[in-house]
C-alpha cells in the first residue's frame, strides 16, 4: 500500500461519512472501525519492512504530495493508528450508550483528524506539513465543539483562536524559508538551513518554535490547553492527548533536529519543558474538574517529553520516545475510563472517581495512574527510568532531581484520586462498562503491563526511531529525492 | 520617475511596508478587540497581509501570471508559481477556519449571548 | 482460602530452601536492563525472615474474615520483598521496592479506619524514598554503566568523591525513610496505627526491615565498610560515618521512646517503639566493625520476632474487644491469660531484659559501640533502653493489668487459637534466642565474610562472645528458671494461705470503698507526667508535623498561585504568546 | 556450688537486713529520734513470713514478687563477692556488666507487674513514678559503667577488679565516674532525695500498697539481698573488690554510710525534679569523666 493511503483513506472515509450514516448507524461506526483497523494493520506490516520508504504522487504538478516513512515516524504512526483503532472501538459503545445525534459529525472529524495527524508526520514538505497541521487543527476544533454544548463551543472557539495564531506564525516561517532558500522540501531546507541569514534564521526558528510549541502545549503558550480539555468530551481528550499533541510534538522535534537547531536551543526548550512540568503538576493539585486535572497531567508529561527530547543525547531521547508511547496508551486508557464515568454520572467533578463500583474499571484506572507516575511494573516506569538514565549518562543531575521532585507533587493528586477510589465510606454506584470496553480497556491495560515487564518489545522501535531522528541521512536522501 | 516605481526594489519595498502595516493593523486588532468576530477579522487581516507580502515579493517586474493555457510551452517570463499555489491553498484553509470560527461564534452566541472572548471563561479552575 | 494462601506462602520458602543458597538467575529486559536474582547470605537471611513472618501472619489471619484480594496482595507483597532481598541488580531491586510500595498501599487502604490523609502520607513518603533510590541508582549507573550490584561495587572506588557522597546520602535517605528515622518518620505512626491490625505487624516487623536490608546492601556490599572508612576517616575506633549514623540512630531512638510513652493508642505506641528499635540498628549499622554488623543483624532478627508477636497480640485483642486505646482497655489478664503471657514475653524481650533473646541483641549492640569506643552513643542507647521500660510497662499494664474500663471487658474470652499459634511460636523463638544466643553467630559469620569483615568467634550455642567479655545465655536462663522455681516453691510452701481471686474493688483506697463507677485504671494517663520534666518536655512538644504541614500548605499555596495563570482568558493567552515571541526574538537577535 | 550460693544468699540476707536496720537507726539518730533497733527489719521480715493470711489478686500477683526475688538473687550470684578467690567464680564468669545492668531492672519490672495486677491506682502511681525516676537514675550510672568498661576494655567484673591492682583503685583513677555512680546509688537505695516512688507519707504507700504477709516479706528480703548486691557491685567496680569477709563488710559499710549521709541531709525531690537533677549534675559529671577516658585516656 502506498503511504498516500494513510492520508487518502481517512479523507475518503471522512467524506463518505454522511453516506454511511444513511446506510445505518452500524455502518457508520463499523466503517470507522474498519478504517482504523486497516490503518493499524498496515502500520504493523511496516514494522517488518526496511525503512525509510517513500511514496509520491502529484495533485497538481509541480505541487505533489510526498510521504516519507522512516523509523521515527513509524513509531508515531503505530501510536496514532493504534490509538485511533482503540477510540473507534470505544465509540461503538459510546454512541450506543449515549446521545448519538452528533454521531455523524464526530466521525467526519475523527477520520479527518487521523488524516491530518498522520499526514503531518509523514509529509516531507514543510508546506504540506502546514496543510496537515491545519487539517488536524480544524478537525480538533470541531471535535472539541462537536456536541454543540456551551462548554464545547467555548473550547472550540478558544482552540480555534489559538490555532489561528499558531498557524500565522507557521505560515510566516514557511514564507520566510521560501523567500530565503526557495524551497519547501524539508530535506533541502535541512541541507541549506545554515545558508540563511542568521538574523532571519533566528526569526524562522522562533516562529516555528512558537507555532508548533503553542500547539504542543509548551509553557508559557499553554494557558489555553486545560480549557480545551475541560470543554471537550473525554474520548476527544484521549485523542488530543494520545494523537494530536504527539503529532505536534513530532513535527517540533523533527524540524528541531533536522534543521540543526539542537545546538542553539536545547537549553531553552529543556528549561521550558521543565517549567511546563513544574507549573502544570503544581497547578493540577488544586483542580476540582477531572478532565481539567488530566489536562494538567498531560501538560506535565509533555513537559518531561520536551525536556528529554531536546536533550540531544540518544539515550534520553530513546527513553523519551518510550515514555511518549507509554503516556499515549496510559492517557488514552484514563480518558476512556473517565468517559465511561462521566457518561454515567453526568458530572466532571473529581469525586466521580470515588463514586463508581466496578472492579475492572478500578483496576485498569489504577494501572493507568501508576503507569503515568512511573511505578513498576508498568510501562511508565521503563520510560521514566530510561529518561533518567539518559540524563545521568550525560551527567545532567539537575534534570534528574527536578523530574523526581516534581514527580512527588504529581503523585499527590494521583494518589488522592486513588484514595478516593478506595474510600469505602463513599456510596458507590455500579457502572455498566459495555462489552467492547472490556476489550478496549483490557488491551490498553495489558499493553501497559506488557511494555512494563517486557520493554524490549518497544525499545526496539524507540532505539530505531532515535537513530532515525539523530542521524537523518537516509531520511534526507529520500526527502531530497522528491522533485520540487 | 516612473522607472523608480517600476524597479523591483521599490515594488518590494512598498509591498513589504504596506503588508507589514496591514499586519500591524491585524495585530492591533488582536491586542485590543475582544469581540469574537472582530478577532477573527483581525486574524484574516493578518493572514491577508502575509499573503500580499509573500505574493508581492515573488513578483518581479515584467513577469506574467503562471497560467499554462496550452499555447505557450515556454515557462519563461512567468512568476514563480509555487507561492501562488501555496497562497491559494492557504486562503482556502483560512476560509475554512474562518467559517468554522464564525459558526462556533454564532452557536455560542445563541446559547449564551456572549460574543466577547474575554468573557468566555466558564472553563477555568 | 486461608489454607490455600498458607500453602502459597510456604512455596517460596520451599523454593528458597531448594536452591540452597545458590540462586543466580538473570533475564534480559532490554539491552541495558537485566532482571537478575543473585542470592547472598545477607539476602537469604532477610528472605527467610520476611517469608516466615508472612507465614505466621497468614496463620493468624485464619480466624479473621479476609477477602481474596487481601490475601493476594499480601502474597504479592511477600514476593516483592523476596525480589528485593534476592535482587542482583538495582532494576530488580527497584521493581520489587515499588511493587512493595503499592501493594502495601492497597493493603493499608483496606483498613476500616484509614483516612485519606494517612494514606497520602504513606504513599508520598514511600515514593519520596523510592525516588531518592532511583536517583541514586541512575547516578551509579552513569559511572558504572550497569545496574548490577557487583559491577557498581567494583567501580565504586573509581567515582569522584562528591558522587560517592551523593550516592551514600541518596541511598541512606531512601532507606532511612523506610526505616522511619526521626524527621522522616512522619508517615510511620499514622500508617502503622491505621493499617489493618494484622498488617501492621508486617509493616513494622518486615517492611521496615527492607530499609535495613537496603542500608546493609549499600554500606556493606555496594560501598563496602572499608571504603566508608577510607572516604570519611576514623574517629575513636570507628568511622566518622558510623559516628554520625550513631547519633542519628540514638536521637531517633530517644525521641521515639519518649513519644511512645505518651501515646494512648496501642498501635501508635508500638509504632513509636518500632521507630526507636530501628534507631538502635541504625546507630550501629555504619560502624563498620564486625560487632556493628552483627549487632544490627541480631537486633533486626529480634525486633522482627518481637514486633510480630506484639502486633499479632494486639491485633487479637483489638479484634476480640473492638478497642484499641489504653483508656478503653484494661484488666484482661485473667480473661485472656495466654495472650497476657505472650505479651509479657514480648515486652520482656522488647525491654532487652535477660534471660530472653532481647538481651542478646542489646548486648551485641552495646558491644558494637564499645568496640568502636562510641561511649556517648552507648550511653544514649542505654538511656533510651531505660526509658523504654516505661512504655513496655504501659503496654502490658494498659491492656492486661489494672481494672477493666468497661463492662464488656469483664466478659471477654481468650482470643482464637489461630492468633495464639504464631504468638507461641514467636515466644518460643525468643526463649530460644535467649538460651542460645551464640547460635545466630553462625548465620552472621557468612554475612561478615561477604562484607569482608572479621568473623566473630563462636564457641558454643549458649555463649555469646564479644570483644569485652561474654555471657552464657544457656546458663543465665537455666539459673533464672532454677532460682525462680526454687523461690516459688519456697513461698508456696510457706504456710500462710493466700486468699486468691479477691474482689478487684477490695483494695486500699484512702479509706474509701471504690464502686463500679470509680475510675481505677490509672494506665492510660501515664506518660503525661513526663511533660513536667524539662528535657523530656523539650522532646515531646516538638514534632515533625508542623514542618510537613507547613510544606503541604506552602505547596498548596504555590499551586494556587500558579494555577491563577490558567484562568481561562483566551485574550490574555494570545497576548502572552505574542509577547513571549517578541521577548524571545529580542533575546535571540541580540 | 549450690552450697556456696545458699551461703551467699544467707550472708546477703543477714547483712542486708542489718544495713536496713542501721539505716533506720542512724536516720533516726540524726533526726534526733531514738529509732528502732538494728534488728527491727529482720524481725519484721520473720513476722511477715509467718503471718497466716495474705492477700492475693491472682497468679500474676503471686509471680511478681517471685520474679523480683529471682532478679535480686541472680544479680547477687553474678556479682563477684570476693576478689582473688574462687568463690562462685565459675558462676560469675557466665555474666558480665551489661547483664547486671539489665538484671538490676528485672526486679522493678516484676514488682510493677504484681502491682499492676493488684489494681490499686496508688500502687501503679508509685510504679510509674519509680520507672520515670529510673530514666534519670540509670543515666549517670550507665555513664559510669560505660566509662569503666571502656577504660578497662572489658565488661567482665573480675577483670575490672584485677585491673585495679595495677592501675590503682577506680575511685581515684576515675573520680568523676565514681561521683556519678554514687549519686545514682543514692536513688537505687531509695534514699532521699530520690525516694519519691515509695514516698510513704504522701502517696499512701506506693508500690507496696497491696502487698501483705509473705509477699511483703519476700519483697523486703529481696530488697535487702539486692541492696547488698548493689553495694558489692559498687565496691567491685570502684574500690577494687574485697579479698576477705572483713574487707567486704568494711568497704560496703563505708559506701553504705556515705549513701545514708548524702541522703539524709536532702529533702525529697518530686519525680520531675529528681529526673531533672539527675540529668543535669551527675550526668554532666559522668560525661566529664567519660570524655576524659575516651579522648584523653
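Each chain carries a letter (A, B, C and D) given by its place in the written order, and its residues are counted from 1.
Note that in this section a contact is a pair of C-beta atoms (placed from the backbone, for glycine too) under 8 Å apart; a residue touches a chain by one contact, two chains touch by 3 or more.
Here the structure is a predicted model, which is why all the values come from computation and not from measurement.
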Under the touch criterion given at the top, what is the topological distance in steps from chain A to chain B? 1
For this structure, I'd like the pair of chains sharing the most C-beta contacts. C-D
What whole-Å value do you get for the distance between chain B and chain C if each is reduced to the mean of its CA atoms? 71
Provide the C-alpha centroid distance between chain C and chain D, rounded to the nearest whole angstrom. 34
Using Cα averages as centroids, what's the distance between chain B and chain D in whole Å? 101
When centres are defined as mean Cα positions, the distance from chain A to chain D in whole Å is 78
If you look at chain A, which of its residues touch at least two other chains? 157-158, 161, 165, 226-227, 283, 286-287
Chain C: which residues touch two or more other chains? 563, 566, 568, 570, 572, 574, 578
Touching at least 2 other chains, the residues of chain D are none
Touching pairs - complete list by chain label: A-B, A-C, B-C, C-D
Chain A residues touching chain C - in the complex, by the definition given at the top: 157-158, 161-162, 165, 169, 199, 202-203, 205-207, 209-210, 214, 220-221, 223-224, 226-227, 268, 279, 282-287, 370, 373, 375-377, 381-382, 385, 388-389, 391-393, 395, 397, 400-401, 404-405, 407-409, 411-412, 415-416, 418-420, 422-424, 453-456, 459, 463
Which positions of chain C touch chain A when the two form their complex? 28-33, 91, 94-95, 98-99, 101-102, 105-106, 109-110, 112, 116, 119-120, 123-124, 127-128, 130-132, 134-135, 138-139, 141-142, 555-556, 558-560, 562-563, 565-566, 568, 570, 572-574, 576-578, 580-581, 584-585, 588-589
Note which residues of chain B are touching chain A in the complex, please. 30, 36, 39-40, 43, 46-47, 50, 53-54, 57, 80-83, 85-86, 89-90, 93, 96-97, 100-101, 104-105, 107-108, 111-112, 117, 120, 122-125
With touch defined as at the start, can you tell me which chain B residues reach chain C in the complex? 27, 30-31, 34, 39, 117-118, 120-125
List of chain D residues in touch with chain C within their complex: 49-58, 60, 62-63, 65-67, 69-70, 73-74, 77, 91, 94-99, 101-103, 105-106, 108-109, 112-113, 116-122, 124-125, 127-129, 131-132, 134-136, 138-139, 142-143, 146-147, 149-150, 153-156, 159, 204-205, 209-210, 213-215, 218, 271-272, 275-276, 279, 287, 290, 293-294
